[in-house]
Amino acid sequence: MSVFISGEEVEQHASRDSCWIIVHGKVFDVTDFLDEHPGGSKIILKYAGKDATEAYEPIHPPDAITSNLPTDKHLGAVDPNTITQVVREVTEADSRRAALVASRPPLDEVLNLHDFEAVARVVLPEKAWAYYSSASDDEITIRENRLAYQRVWFRPRVLRNVATVDWSTKILGQKSSLPVYISATALGKLGHPDGELNLTRAAGKHGVIQMIATLASCSFDEMVDAAVPDQQFFLQLYVNRDRDITKRYVQHAEKRGVKALFITVDAPQLGRREKDMRLKLVGDEATSEVQKGQAVPKDQGVARAISAFIDPSLCWEDIPWFQSITKMPIILKGVATAEDAILAYEAGVQGIVLSNHGGRQLDTARSGLEILTEVTAALRARGAFPSPAFDIFVDGGVRRASDVLKALALGAKAVGVGRPFIYAFSAYGQEGVEKAIQIFRDELEMNMRLLGVRTLDELRPEMVDASAIRSHVGSQPDDKLYQNTYQPLALAQFRTAKL
Amino acid sequence: MSVFISGEEVEQHASRDSCWIIVHGKVFDVTDFLDEHPGGSKIILKYAGKDATEAYEPIHPPDAITSNLPTDKHLGAVDPNTITQVVREVTEADSRRAALVASRPPLDEVLNLHDFEAVARVVLPEKAWAYYSSASDDEITIRENRLAYQRVWFRPRVLRNVATVDWSTKILGQKSSLPVYISATALGKLGHPDGELNLTRAAGKHGVIQMIATLASCSFDEMVDAAVPDQQFFLQLYVNRDRDITKRYVQHAEKRGVKALFITVDAPQLGRREKDMRLKLVGDEATSEVQKGQAVPKDQGVARAISAFIDPSLCWEDIPWFQSITKMPIILKGVATAEDAILAYEAGVQGIVLSNHGGRQLDTARSGLEILTEVTAALRARGAFPSPAFDIFVDGGVRRASDVLKALALGAKAVGVGRPFIYAFSAYGQEGVEKAIQIFRDELEMNMRLLGVRTLDELRPEMVDASAIRSHVGSQPDDKLYQNTYQPLALAQFRTAKL
Amino acid sequence: MSVFISGEEVEQHASRDSCWIIVHGKVFDVTDFLDEHPGGSKIILKYAGKDATEAYEPIHPPDAITSNLPTDKHLGAVDPNTITQVVREVTEADSRRAALVASRPPLDEVLNLHDFEAVARVVLPEKAWAYYSSASDDEITIRENRLAYQRVWFRPRVLRNVATVDWSTKILGQKSSLPVYISATALGKLGHPDGELNLTRAAGKHGVIQMIATLASCSFDEMVDAAVPDQQFFLQLYVNRDRDITKRYVQHAEKRGVKALFITVDAPQLGRREKDMRLKLVGDEATSEVQKGQAVPKDQGVARAISAFIDPSLCWEDIPWFQSITKMPIILKGVATAEDAILAYEAGVQGIVLSNHGGRQLDTARSGLEILTEVTAALRARGAFPSPAFDIFVDGGVRRASDVLKALALGAKAVGVGRPFIYAFSAYGQEGVEKAIQIFRDELEMNMRLLGVRTLDELRPEMVDASAIRSHVGSQPDDKLYQNTYQPLALAQFRTAKL
Amino acid sequence: MSVFISGEEVEQHASRDSCWIIVHGKVFDVTDFLDEHPGGSKIILKYAGKDATEAYEPIHPPDAITSNLPTDKHLGAVDPNTITQVVREVTEADSRRAALVASRPPLDEVLNLHDFEAVARVVLPEKAWAYYSSASDDEITIRENRLAYQRVWFRPRVLRNVATVDWSTKILGQKSSLPVYISATALGKLGHPDGELNLTRAAGKHGVIQMIATLASCSFDEMVDAAVPDQQFFLQLYVNRDRDITKRYVQHAEKRGVKALFITVDAPQLGRREKDMRLKLVGDEATSEVQKGQAVPKDQGVARAISAFIDPSLCWEDIPWFQSITKMPIILKGVATAEDAILAYEAGVQGIVLSNHGGRQLDTARSGLEILTEVTAALRARGAFPSPAFDIFVDGGVRRASDVLKALALGAKAVGVGRPFIYAFSAYGQEGVEKAIQIFRDELEMNMRLLGVRTLDELRPEMVDASAIRSHVGSQPDDKLYQNTYQPLALAQFRTAKL
């Protein structure tokens, strides 16, 4: 509608008093928004009067700017011939990273999911690694998530005819080639230019269900548009303070064929993830001024910057409203006690995900696998487990098909896997995700044979010894691969002194 | 009253036979006191005939010399124009320390309480670090204090409206902006020239209660004088062999408005803290003579030197006397068993602190958190818990707001925090203490939301799983930040040999 | 029968279209077999038209080629005068290894079984070490096998006359000088040119029973032919998809005097052993092509290459057939639960080996020692333990005579030891195996005296405290020798970059 | 009686056919004894025709040669003027050791018993350190001995008048200034030229009871002769195959006033101590010949060499004989189960030492402290505990007075301490032992006050929490001092290769 705005005009608005920026070829007046920007005003002012697309893209959902700014601040399209290209310098870090990418192990040397993490840790830009890998506080829960699986031991059966084994299943009525779904994770473009599309394409090719994240770097429609016929999606939802936005989002998803709604209930506020926060702070020149008496800056890492819209008042009383706006099955993601599992069951939702949000929320929260043993016992006591109308999922810490089989033996319908898939595409793009799926398949075939089960239905609680699940003591011997990939938290760094 | 004494005259008394020193502009005859000095005579003789103020100040309460010397040894004021200034050389260690201080991380990079410790460890003079950080024997208890919190896991509730959360409380009837009080710690001037005044000022500004220590470097009145209107204090008491001194001290405190009396009951003698003792000995030339057959020197570290006055005969029979001399609530600090908790309750005091004195007394004593579970069970069995007339506090090992919430869920009214605040002002002065308080606030807000509680009253025992509290096995995964800040004990050092 | 084929003629068939190779002086047409070769076609094509014996020998049983190729592809003997000798270059690795072998500790400095492993790790070619030492997935089970023994503590009796002690026994009716048999292990020529004959000769000399492995490098008859009079063997059996092959193999063994048949039941498919797989991949030039889009190669380590013939459909229904083809006692090797132990007992076999296949199959499977406590309890409850008709064996993780005594005290009849004997001959040939047997003797004498038992019959369950066997927590203090010999798993390696 | 033999004559007998040696100025014909020498013939032949005193002394009790050789082989005294002095070269190792001794920390920097060990480890000759510090097999028990104390936690009482505390006691009717006795240890001259006399002199000075060892380097009479008036001794007895020797030894001791007889019952054969054995072997040129096919040498470390006389047939039936030859109280040292404790009680002896021989015998035997909890329960059930006629002692792993108090609280009458006193005199001679005793005193005073007990009688089981004693899991946080002094076992060493 509007005529083109020239780049020269935009450049006039390069101050705190009048600040325009260009994103995806559109000009926006962000002057009034500067102080509301969850990531702080400083970073916007750096692009005042300029094209900010490249900086904007990896850490914002595509429609973040249009949905946050009033429409009268959408000034129109820029004349592409008139803008000065911001030539991004190739830094030494870029060159070093390129060399590392070139020397990464060939994909067929990746033997397990840990390998993806080991490669991603090296090839990812520091801030991307910090965002993906960080967890809250002392990162005890994220490590417990992994160790919990190793406190459960197998009781395998022998001399069963396991010539053919079948690990396909149905999840919430949808066919899945694996008892694993791709769990929602944010900001995929930090790790790869195609972002979450890597997941969509690999999932479509291999019959795996992807849970689309509210905070994905790719837009919802980009992902759904990339689907092959019969490819299915679930939707992960952070509930907005503005319920109309949420309603539109949910109903749009349902219309586009999404098959289930996973409402995140463990994140009224996003956790303090210190690896992420620390990186944001160190090396940022302006921060030293703070010591001189300024107010504490808002800037607390990517995670908290992008999540300001989440509604901390979300509660049980809101559930009927969700049931009124959609016919999709509703799953509550982040249930952590038997008490809340029972409330969920009584609220008439279709399932729960026992989760601690990948260790990114409340530290020293228990692992999903531990919660599973408590929840199945409590539901069983009420006649609500097993139940065809109420499914239990688990996520967090899964790195082996043997983990998946342990969760299923203990009552889970399927497990969610998040970070390993991000690391896979960060390191190898779509092929990495496909390889990760193939690793699950290979390991499932092997482990089902060794356990003596031909189909997932044959899994039984007595095939595992979970008696130590509550002990929280590292079941030794420990996991050498995990220990070599886990990066310990760092303390505050001295600037120059060699200690 | 007396006329000025000239510096020249003082200088005449520079031997073991007649030894005068100047402290804070006053001249004292310490000849007869030399052999009684808990820190040994050697250190005094170093200042014979000279101004000893700079050495005296950080490790003595201001009135130590006046209250320990008979008044006839108080010779009067020195003529300030006549004393030779002892010019303190700037040593290489001083320069190195100054460089380290200059390069310390900006305060806004401090993300958690561990960071203060990491910075303090580097910028503190070795002896100050040794005094603050040391604990008794094998330092097993000090480490257990931290680990005990990590054996308690959360059972968080979801879908509660946590839009607003409130972590303010009342402690012994006094308003507190946090369920945390600043616990008593000694010798603040070792870490910062303003000593404990850093605590007083920050506490006043942020509505936190400070417990004033008997062995503070700043005098009681200095601290109370620095209070803002409505700022409240508690008093920590080491009971003197001379009960008159104790009586005067307590009644003075009450008159000045102190709101509660915390009597330390776990220190009939101060513990052997070997880090502290070792540092005192190594590098001290004179010690090599000992090997030649001298008597063992009294010199056993700062802690034991300053505590000779404490009465080891203090016992339950003394409690009524305290109740007779003050109307302040009396709290016994250092109770370690259910048996003694019941005795305290029956003695009619107003509360107890479950504590092991920061791991500085009996090694392999249990953590306050562990004792808490035993004490609440025993009191509850007698109908004495919960009780508005008898409060339970816990201290030792608290580094996260999540620790505070665990202690409160298990029945504590508030928790005491000591070392983290010392490290905060040692590293950053008053601003450091303010930042530490702010960290507690941020973490409390976050963690209360994630736990599903809006006020501290909503905390319930079933929100934590404390079933492993007595196991004493490191709840793995462990605390990487803690492990990086904890300094292992060292063994005796060879003088020159490179081993 | 056939006349000699000339080397020149063989050299004409050096392509994928017509591929002949020479093995042990015979010419084979492997053209049609190329794509079926479990180790991939690439490795065969490297020897197309040439003598492949040296490469073939260490990783194939001698009759692998004759039994896998149809007889019309056996083209006849080559004229030995006409073949071009493939001169194997002495590589730098060979020279380095020779130097290491020369500097290995004299045999009398080997004090325990760990020492053999420490030496073997250094002197073995990398691939041999990888094949022998690797276990499945995260190698948790292989380490647990060792640690399980250390969670069982002794309750030794004193003041018993132990002037003479006797550790000889009978195993399945055969005399054995030790309560230990040499368990089946594959591919002995990887470690020493004489392969498993080292075991046979040492076993014969010292009255120990060897279990012959289906996948041995030496042929069954070579080993039996090397026996001394009265030397006894057991046979380990992987069941072939083609039961006729299995039948011939078993009946041949029985005819040659083998005394028991151990059917492996825990390996319907051989485990993923990533150390082995990783080594196969790294450094192999061709693999980099895979990244360019080729199909995933079959090549997954030696273990899986050589085991393609194993029948995954083997089941309980097959047991009567085995009973019909042999009169040898039948033992099921790899039972892992009380449930299956009972099934075995009811199936009328003569015993079971509680085993997890040396940690090489299902990871996080439990140790044989732990299973033993469950199995004896369950059998005892049915009146089936102790029973002269049904023996229980254990293998995995045994490194000390004290381990043997613990297993026997808990109900095992004897224990199987595998890797330590391989490491012994890899490091020192036959003399190494003899030394290993001598170490068992020395330690048995010592430990029986210290336990207060004169014969193995005097061992009692109450001589050990196995109450922690299910805890899976590393019984600390840990095993320093073991920790120094265990090689942690490695992650995928970057090609050139120094990280 | 005999005339002097000239050195020249002795030198004529310097071969295997006729081998004379000089020890302590006497000439012995050892030709027939060469093959019986427990330490092998090689070492004797090295001194054939020469004065062997210096090599003989530290590792033999003074009368070893006279009591082992028939009297007709005692050839008489050598003419001191005629023997060629064997000038011992000062080796580089000697010089290095002298430098280390000179630089050892002054004694007043030794703050705890661990410090002695840290110093001794550096200043002791390698073989002495190996002999003293080594334990059997994987050295699991020796480390468990220490850790067991740390699984017991204190429940200290407060507000008891502890102005004066008293840690003196009576042990088997004898006054002792400490609830600690010096336990028997062998070969004291390896560590210090005065050997066990360092213990005798320090014990006499400080009112501590020394248990004299059968295998001491100093003779029994040397030690008893060095006593001060009223100094008391116990006697440790290895029972000789020749009971007459034992009878004479015991009755001589009783006549000289020894107050109790401790019969070692856990050593029918001395354990394999691999640190000790390894050192004996490495660097010994002749051993390489063994590999060439010789018989295995007898040479298996100092411990086994000196203990060949011990009778492995000693049993319960022998007890009445001991009771018939002495009126001293008889204590069985090395009881390890409740069953044997009851047998001992029924046999009418006066007490038992719960011990695993300092971890030097059966590895994975349990700690004395753990056994104590089992034994007191079993005896109490029979009305035999507490009993004035039957005392229970514990040894192994004690390093702190707090350990002593834990053992006494759980029912021990006193504890034995061995290695720490050896390390003390190895590092500092008699003064070291005195300092060790003083450390016990200081720590006892401190810890009794902090526990709230004034006398040892006030110790109660409920003052400790021993509920984890059987868990065998390292009670974390662990013991940093201990970990820094414990030297891990080493594996066999390559000769030249740098690995």
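A, B, C and D are the chain letters, set down in written order, and residue numbers restart from 1 in every chain.
Just so it is clear, contacts are C-beta pairs under 8 Å (C-beta built on N, C-alpha and C of every residue); 3 or more make two chains touch, one makes a residue touch a chain.
As the structure is a computational prediction, the values presented were derived from the model and not from experiment.
Undergrad: Out of curiosity, which chains are bumping into both chain B and chain D?
TA: none
Undergrad: Take the average of all CA coordinates in chain A, do the same for chain D, and state the distance between these two points in whole angstrom.
TA: Inter-chain centre distance comes to 62 Å.
Undergrad: Using Cα averages as centroids, what's the distance between chain A and chain C in whole Å?
TA: Taking the mean C-alpha position of each chain, the two centres sit 44 Å apart.
Undergrad: What are the residue numbers in chain A that touch two or more other chains?
TA: 471, 473-474
Undergrad: Work through the pairs of chains, note which ones touch, and then classify the graph as line, ring, star, complete or other.
TA: ring
Undergrad: So in the complex, the part of chain D that touches chain C is made up of which residues?
TA: Per the stated touch rule, the residues are 137-140, 143-144, 147, 265-266, 268-269, 271-272, 274, 277-278, 281-282, 287-288, 290-291, 296-297, 311-319, 332, 334-337, 339-340, 343, 361-366, 470-474, 488-489, 491-497, 499.
Undergrad: Quick one: which bits of chain C touch chain D in the complex? Just the residue numbers, please.
TA: Residue positions touching the partner: 99-100, 103-112, 114-115, 118-119, 122, 150-163, 400, 402, 438, 442-443, 445-447, 449-451, 462, 465, 467-468, 471, 473-482, 484-485.
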